[in-house]
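Presented sequentially are two complexes of chain A, the first with chain B as partner and the second with chain C.
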Partner chain A sequence: MSTVKMLSYIKRDSPVHRLNGVTKLITFLAWTVVCMLSYDTRVLLTAMVFSLIIFKLAKIHLKEVGFILVFICFFLLLNDAAIYFFSPEEGVRIYGARHLIFQISDRYTVTQEQLFYLFNVTLKYLTVVPIALLFLLTTDPSEFAASLTGIRVPYKLSYAVSITLRYIADIQTDFHNISQAQQARGVDLSKKTSLKKRISGIAIIAVPLIFSSLDRIDLISNAMDLRGFGKKEKRTWYSARPFQKADYCVITAVVILSIIGLLITFLDGQRFFNPFIS
Partner chain B sequence: MQNPIIDFSNFSFQYRAQSNPTLIDINLKINSGEKIIIAGPSGSGKSTLGYCINGLIPHFYKGNISGNLWIEGQNAANLKIFDISKFVGTVLQDSDGQFVAQTVGDDIAFALENDAIDQKEMISRVEKTSRLVDIHTHLGSTPKELSGGQKQRVSLAGVLIDQVNILLFDEPLANLDPATGRYAMELIDDLAKNTGATVIIIEHRLEDVLWRPMDRIVLMGEGRIVADTTPDKILTSGLLGKFGIREPLYVTALKYAGIKITEEMHPSDVSLMNMDTITKPLQHWYEQTVENESNLSSNSVLSFSDVCFSYSAERVVLDNISFKICEGEMTAIVGKNGAGKSTLCKLICGFEKPDKGTIALFGKDMSHVSIRERADYVGLVMQNPNQMISQVMIRDEVGLGLKLRDIPQKEISERVEETLRICGLYPYRNWPISALSYGQKKRVTIASILVMEPQIILLDEPTAGQDLRHYTEIMEFLQMLQKRGKTILLITHDMHLILEYTQRAIVLADGKLICDNHPAKVLTDDRVIRLANLKETSLFSLAKYAAISDPFEFVKKFISFDREARQTCQQ
Partner chain C sequence: MKLSTRTIVAIGIGAAVFLVLNRFVSIPSGIPNTTINTAYAFLAFMAVIFGPIAGALIGLIGHVLTDATAYGSVWWSWVIVSVFVGAVIGLSWKRINIENGIFGKKEIITFNLYQIAANLVGWGLLAPVLDIIIYAEPSDKVFMQGLVAGLANLVTIAILGTAFLAIYARTRTKTGSLNIEK
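After this line comes the complex of A and B, so read on.
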């Protein structure tokens, strides 16, 4: 229950909330593309500073995303460790230089280049993650569906997304209730029992969940038909936000900054900023 | 004479998957501005009739149609469901499921969005319509933030926004607490007055629908219309009982008192009823009848002392709850939606732990007893049988709890068979569950709990959405279990159920226990009724109109008399 709540829309009034969903989607996509392509430390650092500023502007408090952040940081560290484990000389290969700090074994050396490389990888994620979170937390799901239609996604598809968001919480409550009732009948999902018993236990919970969800789907599709869903080629949206000056400004700024970012990244012929060879 | 707005002539319908027609030779004319009740037991075809009016037949449910249906002068066979939705607005029974969008505003606008109406116009129309049903202050709310009654108002606004001429309600009272149901009827009536819309209500809770005057009742039975007349006439006809519809309680009381009910008495509204010929015999009955006190044991099997619980710091769900349940009692837990009834159940089963206070079963503190171990004392039957059933065969479903407890196969078979016999399911023991009716499925879920031999059985809304026959079937079955010594605790909105079957009712309001008393006391206490969204029983009103000295005593006597009467009736 709580994890999904943490990743869902938080209603608030901020400059970021007031932006159009399409603007936020474009920003998020551009941001991701630039940061995934670039290993240029200057670009990434600048982007990170920006993303922190935007985070502040959006009035999202750290404690509202704390759990997710810790979770992501953990995976980042895991990722770094894995890179080092499988390829300890990756930095040396990329930057074409070797400044040894110390050596653990024959294979596992610690070089300035490798540390710098790992630093860049971490930076990449730290730049993208806040923007991704912001996108999820500041975009009203029904407005998001409207936004998807705005960028030419067929409305039936975007409505499906919106309806999924609407019912996730309900199905979770169902799951919770069913699982408790079946536990009372003796289903044991704890680690104390054998894998086989746990799997059959999951089935005992899943079957009623599926059947009661099917009942729900039947009802929703009836309700939608009765109110004329799918009648026309086009559909309007009650909560669509018209494009405003701020949206045009943000999109222009994002496009210009992305181009600059990519130019800086690729101008010297490679994606890496190399401080080791001048 | 005006042209009817809906006109069925020699209309029949047979679902594709069924061997017999569900609607047979229906002839029904409904005039513009009429308020009609379509009543009938489950399987009588009343819902199917509704589907024909709103276009789900033939658009969604396929089958064979013969005869004609005209809606607003147009042949329904030539209309698409979208065309029909322009003049027939349907409010479904489950207003939560009908809530498609994320927020109230979005949901009300849904039909307009599908019509590709300009956003500016949409916003002003949503504003206007939401005022009509008094939900305009909640436009930004999500379904979770709304009560059952508010959700229903949203559904209503969602169809009203299309300026439909016909409003079709499919069991509008099923999911509402009594007071909210009453308010819903008032709202529907006022809307009909203000907009001139035709109102069709499919509902079998006659007494509740008749809270506001209705023009006609169409009674359905086995696919045919068996009566189509005024409420006053139908209440005097004796047809209701025959077709499994419960008559208003005050009408039953009049019958017990030996009063012959005539149309002139105006029996459809207790407050307008002509009391001249009623008062005397009723007072006489009151003086004659002696109440049978039932003796109950005082062995406490479940007790709450000062239990507090909350999910989050902001809202206390249960606040210092204390009560005792004695062996062999049937007790109801009542209160409006969100009063904490389900949470109370979860605490009893150990799904949640109290923040403060103790819960004891058979005098034993339960704080350190696991969910699974508690199941030996208390079993929970969920509201919707589909939420419990996971096996294909009845035998396996009932035996599941035993199998999971690693009980030897031989003992499982014996206990399952014994339980199936008690539950009247033995003839079906080798059937797949999918072949059973809803009521039978409910029985299977009760059997699957019973087989584990808990002393206490806890049921969440056991009769929700059931017609009188299934209701009686389920409740008589529970009463039989009670007679075999089981203690039964049930959550319900049904005031009839409380009066007919329970010995006690525990009333919750905003997390507090506000009353724990005899059902007659609960349903005649003004303060409790107000705080818990209940409603005064019509028996109490009747007693007051008939100038009976102690209306509370009258209700108690009625309960006792009624229980005996039904018992002799069964033997």
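After this line comes the complex of A and C, so read on.
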């Protein structure tokens, strides 16, 4: 339980690490928007190739993210299976053609269209992963709040995010201590006990965690008020960095690529790339 | 938008607790892929204490960071639902005066009406529709998924959320709890 792995910042020197947090946030958001809007295989594949190249540049080793990748692939396969289970002919409906490969039963057919559709769904989910991972692994958390303000998020909200990032580790420790203490007192959370007992066990751990966090809120907000937080319209950030030439280049490239991607997607009037009907 | 320092901190800490609960304190309910997730009971609890803006933002930050640290990618369609659920439950904050230590039958019913509406509309309607719009997934599948998630959260909030609020109310001082001695 204490060994649950969480993705977090890895300090290293690479071209991606050196980029400004704002640049990385804009890239991440643009990537997300394009991959959410587009269903065009060509656009998604290009985005995938680009993101893998950037991933290579960032000097992140595969073994550092391996556990997540396995997890995501498993999740996506499960999702594909669920889609097929509920709607084996979804692809046929979307692409308006039917190339039967073989048939399992009356309802469950295997068509080229369905396979292509499932490939696209998986690709669509997968394309965002490298960029999202990179954003997470190469952005210093203390720079993150500054980056949010950089894209015009009100600084009080950026500060809330910064508090979250700062306190996750503390609250995790709190949770661990409470959980150990309650287990020492005989609370059993394993699968051996009944569901009802497990729910009350969860409540017994959650309640002290929640109430100690409420105390923490009072403590921190008093400290911040005493230091005059929120008195001014603007604030500066210790970890904010000035924009470099590379940042302007990356942002320009990302914006142009996103526009091209969206143009290719929507120019033929729909978001799907259809190789079945030409 | 005027937010007090206390609300800002509540959003920050709330999101962190949401993440920790989401990652560590959920138990399998026996139905595959469905967990009894204390995080949403906590979200409902915070929304009632700190209001709809705090509820929405705890849902937003908490869910985005949970997804990002667990999967390395963010499922925006479901994030939007967390924001919606937090905000709608938060709307009951004016009707439930929890800070005065009153959380009786009337308040319990109000709270549960809001949370049931939020979960049904959020998971039963908003989540599937967004999944269809964004990911073009088959409608049968996403409605089924949304319904199961919604019902699981609904029950969790009804049991644990109500319990958390009742415990919290007992820590507050009731107004008019002092009598003049004559």
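The rule is simple: the second predicted complex is superposed on the first by the 271 of 278 C-alpha atoms of A that agree within 3 Å, B and C clash if a C-alpha of one lies under 4 Å from a C-alpha of the other, contacts with A are read in each partner's own complex, and residues count from 1 in each chain.
We adopt the following convention: a residue touches a chain if its C-beta (ideal position, glycine included) is under 8 Å from a C-beta of that chain, and two chains touch if they have at least 3 such contacts.
Note that this is a predicted model, so its numbers are computed, not measured.
Following the superposition defined at the top, how do chain B and chain C come out on chain A, clash or fit?
fit
Just to be sure I read the superposition right, which of the two partners does A:Arg198 touch: chain B = first, chain C = second, or both, or neither?
second
Answer with first, second, both or neither: which of chain B and chain C does A:Asp215 touch in the superposed model?
After superposition on chain A, A:Asp215 lies in contact with chain B alone.
Looking at A:Lys124 after the superposition, I want to know if it touches chain B, chain C, both of them or none. Which is it: first, second, both, neither?
After superposition on chain A, A:Lys124 lies in contact with chain C alone.
Between chain B (first) and chain C (second), which does A:Ser8 come into contact with in this model arrangement: first, second, both, or neither?
So A:Ser8 only meets chain C here.
One more residue to check, A:Ser162. First (chain B), second (chain C), both or neither?
It touches chain B and chain C both.
In the superposed arrangement, does chain B or chain C reach more residues of chain A?
Ranking chain B and chain C by residues of chain A touched puts C first.
Can A:Met224 be said to touch chain B (first), chain C (second), both, or neither?
So A:Met224 meets both chain B and chain C here.
I'd like to know which partner A:Val207 touches here: chain B for first, chain C for second, both or neither.
After superposition on chain A, A:Val207 lies in contact with both partners, chain B and chain C.
Considering the aligned complexes, could you tell me the closest Cα pair distance between chain B and chain C in angstrom?
8 Å.
Is there a shared patch on chain A that both chain B and chain C touch, and which residues make it up?
In chain A, positions 162-163, 165-166, 170, 203, 205, 207, 211, 216, 220-221, 224-225, 229-230 sit in both the chain B and chain C interfaces.
Could you list, by residue number, the parts of chain A that touch chain B in their complex?
Listed in rising order, the residues of chain A that touch chain B are 11, 140-142, 162-163, 165-166, 169-170, 174, 177-178, 180-188, 203-205, 207-208, 211-212, 215-216, 219-232, 234-240, 242.
Show me the residue ranges of chain B that touch chain A in the complex, using the header's touch definition.
54-56, 59-60, 81-82, 85, 90, 92, 94, 96-98, 100-103, 105-106, 109-119, 122-123, 126, 140, 143-144, 158-159, 162, 346, 349-351, 371-372, 374-375, 379-380, 382, 384, 386-390, 400-401, 404-405, 448-449, 452
So in the complex, the part of chain C that touches chain A is made up of which residues?
Listed in rising order, the residues of chain C that touch chain A are 1, 3-6, 8-17, 19-21, 23-25, 27-30, 36, 38, 41-42, 45, 57, 61-62, 65, 68-74, 76, 134-141, 144-145, 159-160, 163-164, 167-168, 171.
For chain A, which residues count as touching chain C in their complex?
Its residues touching chain C are 1, 4, 6-8, 32, 36, 39, 65, 68-69, 71-72, 75, 82-83, 85-87, 90, 94, 121, 124-125, 128-129, 132-133, 136, 154, 156-157, 159-168, 170-172, 175, 179, 189, 191, 195, 198-199, 202-203, 205-207, 209-211, 213-214, 216-218, 220-221, 224-225, 229-230, 272.
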